[in-house]
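Both complexes below contain chain A, partnered by chain B and then by chain C.
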Partner chain A sequence: MDQQALLPQARLGEFVAFLAARQKLIGPVALGYNQYKFAEVTSLEELSLDYLPTILPPKKYFLPYHERLLSYDLSDGQGMEPVVEVEDITLFGLHTCDLAGIQCLNMVFSDHPRDLHYLTRKHHMTLIGLECTDYCDHYANCAMLRTHLPKGGYDLFMTEMNDHYYVDVNTYTGEVLVREADLFERVTPLALKELRSLRDAKKKIFQNELPIRYQDMPKLFDDTCDSEVWTQVGDKCLACGNCTNVCPTCYCFDMADEPELGLTRGHRVRIWDSCQHETFAEVAGGENFRGQRSERQRHRFNRKFHFPLERYKRVFCTGCGRCSRSCMAGIDLKETLNALIDERS
Partner chain B sequence: MKTMALHHCSYQVARAKVETVRALTDLEKLFRLVLPDGEALNHDPGQFVQVSLFGVGEAPISICSSPTQLDSFELCVRRAGRFTTALHQLNPGAEIGIRGPFGVGFPVIPLEGNDVMLIAGGLGLAPLRSLIHYIIDNRRDFGKVDILLGCRDPQSMLFCDELEVWRKRLDINFSCSVDRGAPDWEGNVGLITALIPGVHLEPLKTVAVVCGPPVMYRFVIQELLKKGIAERHIYLSLERHMKCGLGKCGHCQIENLYCCRDGPVFNYADIKNIKGAI
Partner chain C sequence: MRATLTTCPYCGTGCNFYLLSDDKGRLTGIEPAGKHSTSRGQLCLKGWNAHAFVHHPERLTTPQIRIDGRLQSCSWEQALAETHMQLKRIAENHGPDSLMFLSSAKVSNEENFLMMKLARAGFGTNNIDHCARLCHSSTVTGLVETLGSGAMTNSLSCFNQTDLVFVIGSNTTEQHPLIGSRILQAQQRGAGLIVADSRKIQLAEHANLHLRHHNGTDVALINGMMRQILLDGLEDRNFIDKRTENFAALRDSLEAFTPQYVAGITGLKEHEITAAARLYAQAEKVMIVFAMGITQHTHGVDNVRALSNLALMTGNLGRPGTGINPLRGQNNVQGACDMGALPDVYSGYQRVADARTRLKFSAAWKKSLPEKPGLMATHAIEAAAAGQIRGMLIMGENPMLSEPNQKHVRMALKNLEFLAVIDIFPTETAQLADLVLPAACYAERDGTYTSTERRIQRGRKAVAPPGAARADWQILGDLLRRCGVPADYSSPAEIMEEIARLTPSYGGATYARLEQGESLQWPCPEPEHPGTAILHRDQCTRGKGRFSPTRYRPPQELPDEHYPFLLNTGRTAVHWHTGSMTRRSHLLEREEPQAYTEIHPQDAQKLNISERQMLRISSRRGTIEVSARLTERVPPGQIFIPFHYAEGAANVLTNNALDPESGIPEFKVCAVRVELC
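Now for the complex of A and B:
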């Protein structure tokens, strides 16, 4: 089996049907008004493969908004059993920015102490990527973060060409899919040439969107810790938490107990939380360590461009643009970074 | 979506039995807890556990007993919210859940052979008590030991019986001060910072450990630096709301540090330039 294969465009529908018959298939679906979401599909017709980043990133399958961690039974004192909600899922049509987001989450949850809820679910996922050949819209800044090109993190990765999809087979799971689907052809020299010219064309389209280099980001945030920009961003911010909910690499959470109606049994659950919420860093007694919206916004940006570099050696922004797209107050990530860069120079 | 049993996870709790409950003040109770088969918690002084009551939730509580006490451990809990109110209603024999111990505790090894200055403010005495008991139980390994305690008023003073013992011991210099006196109070009145200048110490061989409410740190540190104690020789225990204890949930994060994983005890030199730490 080669590490690459070609899928004739005419047979994409059959491939989607094959995947859907195998296990639950999730892909981008249009909601109207230029909004998209990841949802279950069974056929190609339901998919919108030419899509803007979905409202919620694929993290909702890796780290669900609400998930059971433990089941307890008070008739046995503090007796409990760890549980995990898991399902075999194929995620289809993931853009490179979202694959990068999943890679970030993988790092965090496989870091010690490992999160076995996340890791169990991760092993039940099949990931099939789809290359962007042009910008989705002006909010994206993927070239700056170098997430506009595939860098692993998938089982199969598809690039649309004239008559075919060029498919990179990255894992044994991917190899099995290609073999069993029986729809793929061998890669031809012509196809390889076509892929190269497509990637060359991408180089011209995708250029660093901001006047700063990747490796200089931490320094920018060191220098602008007390910047006026944070006050201005804080003045606009509504502390709603949209930006962190839609972020593919935000993973802050809260825990709570949910008793069943009988009150003896119940579940301890994990729910998404947001560092933008007012009480996020509050302690018993009322002291709040990030009481100001400006402090919380600065924290959010630092958690993307500054802090993760030390521990995970990469920026935790994928350039997908979701935070800017969904901000009700119009806080724009690129604008904010530009303002910081301007102020420093 | 299927729900499957998971063999093991970081969120599972161990059972602990409440052995005794003692009211220390109107607001604080001391719980002595025993693990199954009398197993030791095996913690470092200054670490914390996540205490769980299913149906109510979980809260991080610092361990206030020394690891030298092997058969049980103690938690001093102030009634401050929903969870701690539920905890206060427990009687001996009740069961609670425990996760941990978590975090980096007090620097026991760097303290050995040095003079030790322990400074507690209010409820900060609870975590520091784990270190005080550890030092008392290994007293020969340490130099001169000073304990300074500051409280709001005499009524809110914790562990009064133990304070009397410390006051009487010749191998401990204990002094305390209250912000507001009471008619029968014969001790010092004033902020804890006023006690520091009077302590005789050799700055080069003194290590200070401070534990108290956030507002206290800045003023106490100023006084310690005035005494000539090096920044490297000052340790602080910081208060944050650790929800997961695993360095993930984000609630206790101070810039790039997680209080639950990198702390709660920090060296002052490491955090003095970190915004929002102190």
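Now for the complex of A and C:
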């Protein structure tokens, strides 16, 4: 089997129908006012493939907002049963930034101690990417992070060309899909040439949006730890947690037991949490490591550009721009980084 | 995963979101909605957690009746028959006006409509009210007098066009976060911002001018600004001449309010007053934004009149980017008022005293209707204490924590012969009831809600109610039928048809239109009418805008040597009112788990108070214990206590002195003593 294939554009509808018939299919749908979300679809007509990053990233399928982890029954000893609620899902039309986000989550949850809930669910996901040929809007900073190009982490990856989609087949699952759909053609030299010129064109469009290399970011944050910029950002922040909820790589969660009224039975759940909440870093005795909003915002930036580079050798910002788009106070990631760079120079 | 588009159950902003539920009918989370005009992909912290309390194990699941002093489970038939029988008995023995009905700003328009129908047609009394009495009754009274309509005049989208926002008595970023964010965004694009608030709230950090006037001196401040505007000749002559009346009386009333006099009352500097006047009057388009800091005073109506005068004097009305914009608190407090859950009006503010209106409703409901306006909620508590109100039906309200002077409220409710409560949790009020009826919450029933900008929106059922709990409209429909009033509704949509028939401002509102994605701002009189984004465009609802002169009256109880601190009350960003929902939401309760008081570090130092120390706070009405939070947000001499906490209830302390016209209590000012525990 070739590692690449072509899908005639006219047959995309059939491919979507094939995927929907196979298992639950999720893709971007329009909500109006240039807002999109990932939702279940059954046909091409429901999809909006020319879309801005969705309000919530695909992480909502990997790490549900409110997830039951185990149920317990103390009536006879300490009975505990794991609860793993999974279903087979195909995610269709993922942008490269969101694929990068999923890769980041994979690293975190595969790290010791391995998170079996996450990893089990991940194995039930089929991921089909879709290449961006231009910026979605001015909030994005994907070129800085090189996430505007496909870097794996998918089963199939589709690039729209004149008459075809160029499809990169990355996994055995991807191979099976191409074979069973029976809609694909062999790659032609012409198609390869077209792909090369498309990628060349992208090089001109996607240029580092910031006057800094991502490798130099830790140094920037070290130098500007006490910057006035953080105070200004903190003065604006409403501590609502929109930025972390919509971030494709924010994964912090809180654990809680939800006992039934009799207190003998109940469930343990995990819920999305946010480092922007006032009490996130509060410890016994009421001390708070990051009591100020400015400190919490600084922490968020460090958790994207600084700490993960040391631990995972990877930046945890995907350049999708969701945090800036969704900020109620108008805190803009690129503006903030530029202000830090300006101040240092 | 199923996604159900609905309206947020918390504040009056009216954000939309999707409730996510799984195949087992459990809510699993929230996803912001894209299309909504205000929320567009964003939510506040409460919104993000709006699903969290729905499956809480303390939800009421069966009707309960008090036998031998204890609440015990019973059947719906027994509960409904008993409720009807007891209320009927009291009405027959002591007259219908010995009953009181408290409706709710948390239930839908349809349910509020049925509650007022039950009070009026079912039991023959106009004694119906709800918590708007405690929040914006001053606004309704004041603005109906000056403009003819008590609602927010403009739309939230107007923040995109305004030149200046004047925020007075609203902690917008915490209480209406999405609206607060629109104000911040207006300021970031260059619009001016004046904040008048004794506390250093977040918006104040971004304001061109922050006026920290003493609590309860708003009339003096606003009159002082108006006097200065006239002195500088910055008023809108053309608007005053063409669109208003009674200007001369206003002008005469302002003479005394010299900067020196106003500075003496408010504690501001003279130049701050003149600067505020000039900033305000020189802007082309100004939006006044206000909330509880204006209304919750014994002179709340005067505060509203003064703001209305200020807007009229400068022609800031009837245009985009202007207006008098009261921010309504509860998600459906606007709708509960619109539906006539008030003692003097039917739905659409049609007066019960008007014979023709009465005849219209009487013909529709096939019952003769009472003529005398009923009791306000706050007066009803006093009447219950005095034994004049003997039976009460309370739906989705918790007066034990929300009304002022808790000891008095407890005494009043215990004095009742019969108290029935419809609620979703065993609230402090439900625990005093003779009968408790379990209701469906917002995520478990269909209906419509009307937001602060008069926008009628759908709430949709995402999951089934727990146990035997029923939607409020089903409970009320049953009680109506037992009273012999026609109420055969198969769905809320049918109730809306009746509302539209009887209510001119909702005449064009139908479920079919709302289902097509329309969200209608009233007045929307006909099926083809697009709704009204801005009120009072060519003329005011009452015709000419009326200037209504006000004089300064100090709050009813001010600090003295025995009670040297001024107590200010309100809410935090993470909890909602009496906490029955948010205190059962894990992440929200974690944020603010404990009753506290804000106190200025200078005061703390004098009294030798340190951070998190437990304090005993006493007023003439009671004592509570709360922990200390040292902060410069409050000025010296003032403490601020949020009223969410049953274990440190601010309303044990507050003063049940009422505004003579609107009946609103003075939640924002009373005198207290602070001691170490």
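Basically, the second predicted complex is superposed on the first by the 339 of 345 C-alpha atoms of A that agree within 3 Å, B and C clash if a C-alpha of one lies under 4 Å from a C-alpha of the other, contacts with A are read in each partner's own complex, and residues count from 1 in each chain.
Everything that follows uses one rule, which is that a residue touches a chain if its C-beta (ideal position, glycine included) is under 8 Å from a C-beta of that chain, and two chains touch if they have at least 3 such contacts.
Owing to the predicted nature of the structure, the values given are computational and were not obtained by experimental measurement.
Chemist: Based on the shared chain A superposition, would you classify chain B and chain C as clashing or fitting together?
Modeler: fit
Chemist: Quick one: is A:Pro259 in contact with chain B, with chain C, with both, or with neither? Answer first, second, both or neither.
Modeler: both
Chemist: Just checking: does A:Glu46 make contact with chain B only, chain C only, both, or neither of them? Give me first, second, both or neither.
Modeler: neither
Chemist: After superposition on the shared chain, which partner residues are touched by A:Tyr33: those of chain B (first), chain C (second), both, or neither?
Modeler: second
Chemist: Taking the superposition as given, does A:Leu70 touch the first partner, chain B, the second, chain C, both, or neither?
Modeler: In the superposition, A:Leu70 touches chain B alone.
Chemist: After superposing on chain A, what angle in degrees do the C-alpha centres of chain B and chain C form at the C-alpha centre of chain A, to the nearest 10?
Modeler: Rounded to the nearest ten degrees, it is 80.
Chemist: Touching A:Glu85, do we find chain B (first), chain C (second), both, or neither?
Modeler: Once the two structures are laid over each other on A, A:Glu85 reaches both partners.
Chemist: Looking at the overlay, what does A:Asp273 touch: chain B (first), chain C (second), both, or neither?
Modeler: In the superposition, A:Asp273 contacts both chain B and chain C.
Chemist: Can A:Thr120 be said to touch chain B (first), chain C (second), both, or neither?
Modeler: Once the two structures are laid over each other on A, A:Thr120 reaches chain B alone.
Chemist: Quote the smallest CA-to-CA distance from chain B to chain C in the superposed model, rounded to whole Å.
Modeler: Taking the overlay as described at the top, chain B lies 6 Å from chain C at its nearest C-alpha.
Chemist: Could you give the residue numbers on chain A that contact chain B in one complex and chain C in the other?
Modeler: In the superposed arrangement, which is not itself an observed complex, chain A uses residues 85, 254, 256, 259, 273 for both chain B and chain C.
Chemist: With touch defined as at the start, can you tell me which chain A residues reach chain C in the complex?
Modeler: Per the stated touch rule, the residues are 30-37, 39-40, 55-56, 60, 64-67, 85, 235-236, 238-242, 245-246, 254, 256, 258-261, 271-273, 277-279, 286, 325-326, 328-330.
Chemist: What part of chain C is in contact with chain A in the complex they form?
Modeler: Contacts found on chain C: 1, 3, 18, 20, 22, 27-35, 40-45, 48, 51-52, 55, 57-58, 173, 177-178, 180-181, 184-185, 188, 202, 205-206, 517, 573, 586-587, 590-591, 611-612.
Chemist: Using the touch rule from the top, collect the residues of chain B that touch chain A in their complex.
Modeler: By the definition above, chain B touches chain A via 1-13, 15, 52-59, 78, 80-81, 84, 95-97, 213-214, 239-241, 243-244, 246-251, 253-256, 275-276.
Chemist: Over in the complex, which chain A residues touch chain B? Could you list them?
Modeler: 68-70, 72, 74, 77-87, 108-109, 111, 113-117, 120, 225, 251-257, 259, 263, 266, 268, 273, 275, 280-285, 287, 289-290, 295, 299, 302-303, 306-307, 310-311
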